[in-house]
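Structures follow.
One chain, chain A, links the two complexes that follow: it is found with chain B in the first and with chain C in the second.
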Partner chain A sequence: MNFKNLFVYWRTVLTVAEITLRHQWNDSFILFAILVQPMIIAVLALFMLRGLGGDYAMFVVVGSGLTGLWSSLLFISGNSINAERWQGTLESLVAIPTPFEVIIFGKNLANVVQSLISMTSSYLLAALLFGYTLKMVEPLLFLGSVLLSVFAFISFGLVIAPLFIMYRGIQQWQNAMEFPVYILAGFLFPIALLPNWTTPISYILPPYWAARALHETSTGAGDVQKVILAWGLMLIFSVIDLFIASKLFKVMLYKARVDATLETE
Partner chain B sequence: MKTIANNLRLFWQGTMLSYIALFAWLRPTTYIASKILMPLAQILFFTFLGSYASGGSNVDFYVIGNAIQITAVSGIFGVTMSIGGDRWAGTLPYLFGTPANRLMMFFGRAFMHIIDGALGVVIALMWGALLFGVDFSQTNMSALGLTILVTTISTCGLGLLMGCLSLITANVMFVNNTVYFLLLIFSGANVALDTLPNWMQAFSQILPLTRGIASARILIAGGSFSQVAPMLMSEIGIGLIYGWLGYMLFKWFELQAKRKGTLETV
Partner chain C sequence: MNSIEVKNLKRIYRATTGVIRRTTKEIVAVDDVSFEIKEGELFGLLGPNGAGKTTTVKVLATLLIPDAGEVRVKGLDIVKDANEIRKHIGFIFGGERGLYWRLSAIDNLRYFASLYHVDPEISKKRIPYLLDMVGLNGRGDERVQGYSRGMKQRLHVARTLLHDPDILFLDEPTIGLDPVGAREFREVIRNLQSEKKTILLTTHYMFEADSLCGRVAVIDKGLIVALDTPSALKKHVSDLSVVEVETFGVAEEVVEKIRNLPFVDALSVKDQDQRQLLLVQTKLGAEAVPDVMAALDGMRVGRVTVREPTLEDAYVRLVGGQV
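Up next, the complex of A and B:
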């Protein structure tokens, strides 16, 4: 991906994001993924973890919000190119002068930002319905973590989307990819509970570093160095993801324009 | 006699064709992802979460609860897609044009999902034994088998009702997903029911799965069939009520569709 394009076409990015938001608010599945499912998981986790004491409610709010972010990334951002194919607009989009990845970046920006609603709704649920007093320990660091998490999730989404359209064999495993990331990224419980061999897998997942940064800044469990480490790794993984995405988009556009097919099957 | 034979043939053909059509469309890899790996991942997630909550002391509670709840993948999603599939594929007008026995046609859509769902629970329990060491040495296996079957039938009853909703609303996947996830709370799969507020406990009693999960836990802990028999009777009764409500809705939908000349009310 050419970073320069994001600045040159910033107006396009924002317009695509706005149209995507307007379009998606009519989709009941998206409402389920970003609102209903995270809230149900939050209710479950609040009941299950209530014996832990301490700041578990804030931990649950952030963790269940992250489940909404991941599910949205997997099912909505992952299918952001496929959705154009289903609607019959993909051919037009790859033919116009605006770089295709700029459009998909705008769509992913909308998806990830709207998914933050899942954290807000979980917060309201815990505060209003369950009556918890929720205190954000490091609000500024938390805000920084949110911004970097959004960037990391968008970048990750830009890798998934072309993979799902070019290799439908991978896309078919989509349903099985939701809970494993909840587990490996430590959204609602520490990965120390998992077998040791899974730890390296967690470490290469951007959602894991997002979860660490958000949990540590919201509950105050970690020190600044740990937060900065998580931020740094999110940035590194984002750059790697964007590099991989740029290669994948090239292959995909080649298939679209030269081979006249977006399917390898 | 001939009528009975015809109806049984209709039941069997309907059940086989709708199931084959569903998974021909879904593809085998989607089946493995949705019916084997997704349930395993769900069991792992809630068991680790439960283990974290209880300090690792009550793992069986979560493994068994989620393994039995897995039947809802077939019972809710599978049955709904089999019923709704006729509308999406455009075959519903032909079905309503035939003189075929509606009861056979309707309940036939759930039959394969009962077998599939029960098999899914068996696989899930095997994962539980393999990965979390759930002990079945004290278990009355035939009673557990019956419990799995009854719970699956009961859940498919709810699925039949949900399936009929797919004939009158475009948002059925929203409804299905919501029901599936609500069952994770209200069925007692992950939270002991007696720790829930009273209104939640009362609501859980009118749902399928609740008594099935409780029965499975008792049986795996070494309980006898006589201890769980009354709960299983209630479980199957609840499932039949949901299934019957679904059938009534199906009949009403057919009546409305024919009267108003439309097969879509949305």
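Up next, the complex of A and C:
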């Protein structure tokens, strides 16, 4: 791939992300799911956390934000492939010169950015309502962690997306895929509480390093070196995931053309 | 030079059922299909439902892998060179699906233009041009969900022309359109042909193939049963006449009785609301009418006419009366 292709693909990713957002915002159900529902959850969470210390509250705020982000990626991005199949556009997205993974990258970007905006605005509103102070210990490092986390989540989501191309009934397994990542990536509690044998699994998940970087920069639990290490490993595993995803997309798209699963039954 | 070459194409669908005792059922959609389409030709593929038309188009559009045979588009192999082929083809599958209904026509086109790597500066000019060409000028900002079926079909044409492909696959593009919409759509196809595009058109409507296509292949049960110009195909039935009898609620046994009359070459039935039009192909011409009426045995009958055969009659004979 040369730089011209990279530029063209990046332009396509941005257009896909923009059109995905426009399409979703025209659906009142999705609008409820991404705007109203997170606000209700945030208001409830902060109401319950009013008596706790600032650091712990921030840990839970960031952790619950990450769970929302992962759920949105798994459900909205995953379902979007099935939605494309049902509306007859999946075939139009496959038989074109743009690689399908570039389109899914754009869709995932839209969903991750949308989730971040929705969560941030929700918690700001909730904090304002209850007069709660959410103090960010390392705001610049936190911002850097957010940007890298966007990349990490998109890459991780790309590894799962090919399954949605191949299997029409994969939706039944979505819930089963949701909780293992919450737990193994340490979104809501440290992975030290888990059995030792699960630790290597956590280490290869980019969302784990994202969660670590975000928790450490928001609560001040880690020093700069630890944060940089988390960033580096997040990047390495994200790039590995992108590589795995590109191979999986090739295999799954070929298999979908053999098994005729690009269309509805 | 040939734009499309299909040699001994075979495609099977496999459906697996059961969890513990898994059984796989095989359905042969395309058995042994061969044809070639020259550059700039408008080629028709005719056949009844389930004959293998759409499967053939989907293989050519790089959406399905063939089980056997060789398929080339612009000399490129459909399996190995799918990515390169995709730059040169456009396709429309009949029906309203395949568009984003909650988006405007312009957003739909902008999206697909980006996916086809059309430069944004070029697509800014091309999108209004295409909307004008398909008669949607001034309606581009409206959401597609408010469009009629005909408007959606025309938007499909605009979508498929965004990257100015050399080859177009049109799979039953006029299905479900009202007569005016279908006529306008055929005009769009004629215009595309005048631009020297290579077009593969599948259709149920014989008059459509007759008026548009240079050559026509008739496909039935996954096999090509005839391939020629529409006028040469009509010669298959040049020795026949067609007796058309309008009936009201004719029973299947009566249809079979007529079909079995010794002078009946082929018979098809067209349902038109409460009426059924029996199309009896026979060498006897008007002389067959009394025997056909006798077989109807006092049943309520409307108009009875005897006419010369059309391409549709040739098609009926070729596919054994399945319309």
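By definition in this document, the second predicted complex is superposed on the first by the 203 of 265 C-alpha atoms of A that agree within 3 Å, B and C clash if a C-alpha of one lies under 4 Å from a C-alpha of the other, contacts with A are read in each partner's own complex, and residues count from 1 in each chain.
Keep in mind that, in the parts below, a contact is a pair of C-beta atoms (placed from the backbone, for glycine too) under 8 Å apart; a residue touches a chain by one contact, two chains touch by 3 or more.
Worth saying up front: this structure is predicted, and the values here are computed from it rather than measured.
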Partner chain in contact with A:Ala260 - chain B first, chain C second, else both or neither: second
Which of chain B and chain C A:Thr98 touches, first, second, both or neither: second
Touching partner for A:Thr15 - first (chain B), second (chain C), both, neither: second
Chain B versus chain C as contact partner of A:Tyr182, first or second or both or neither: first
Contacts of A:Gly88 with chain B and chain C, given as first, second, both or neither: second
Chain B and chain C footprints on chain A, overlapping residues: none
Residue ranges of chain C touching chain A (in the complex, touch as defined): 13-14, 58, 61-65, 83, 86-87, 89, 91, 93, 95, 97-103, 107, 110-112, 114-117, 120, 143, 159
Residues of chain A that touch chain C when the two form their complex: 8, 11-12, 15-16, 19, 22-23, 26-27, 87-89, 91-98, 103, 254, 257-260, 262
Residues on chain A engaged by chain B in the complex (per definition of touch): 28-29, 31-32, 36-37, 40-41, 43-45, 47-49, 51-52, 169, 172-176, 178-180, 182-183, 188-190, 193-194
Parts of chain B lying in touch with chain A, wherever the complex brings them together: 27, 29-30, 32-34, 37-38, 41-42, 44-46, 48-54, 171, 173-174, 177-178, 181-182, 184-185, 190-191, 195-196
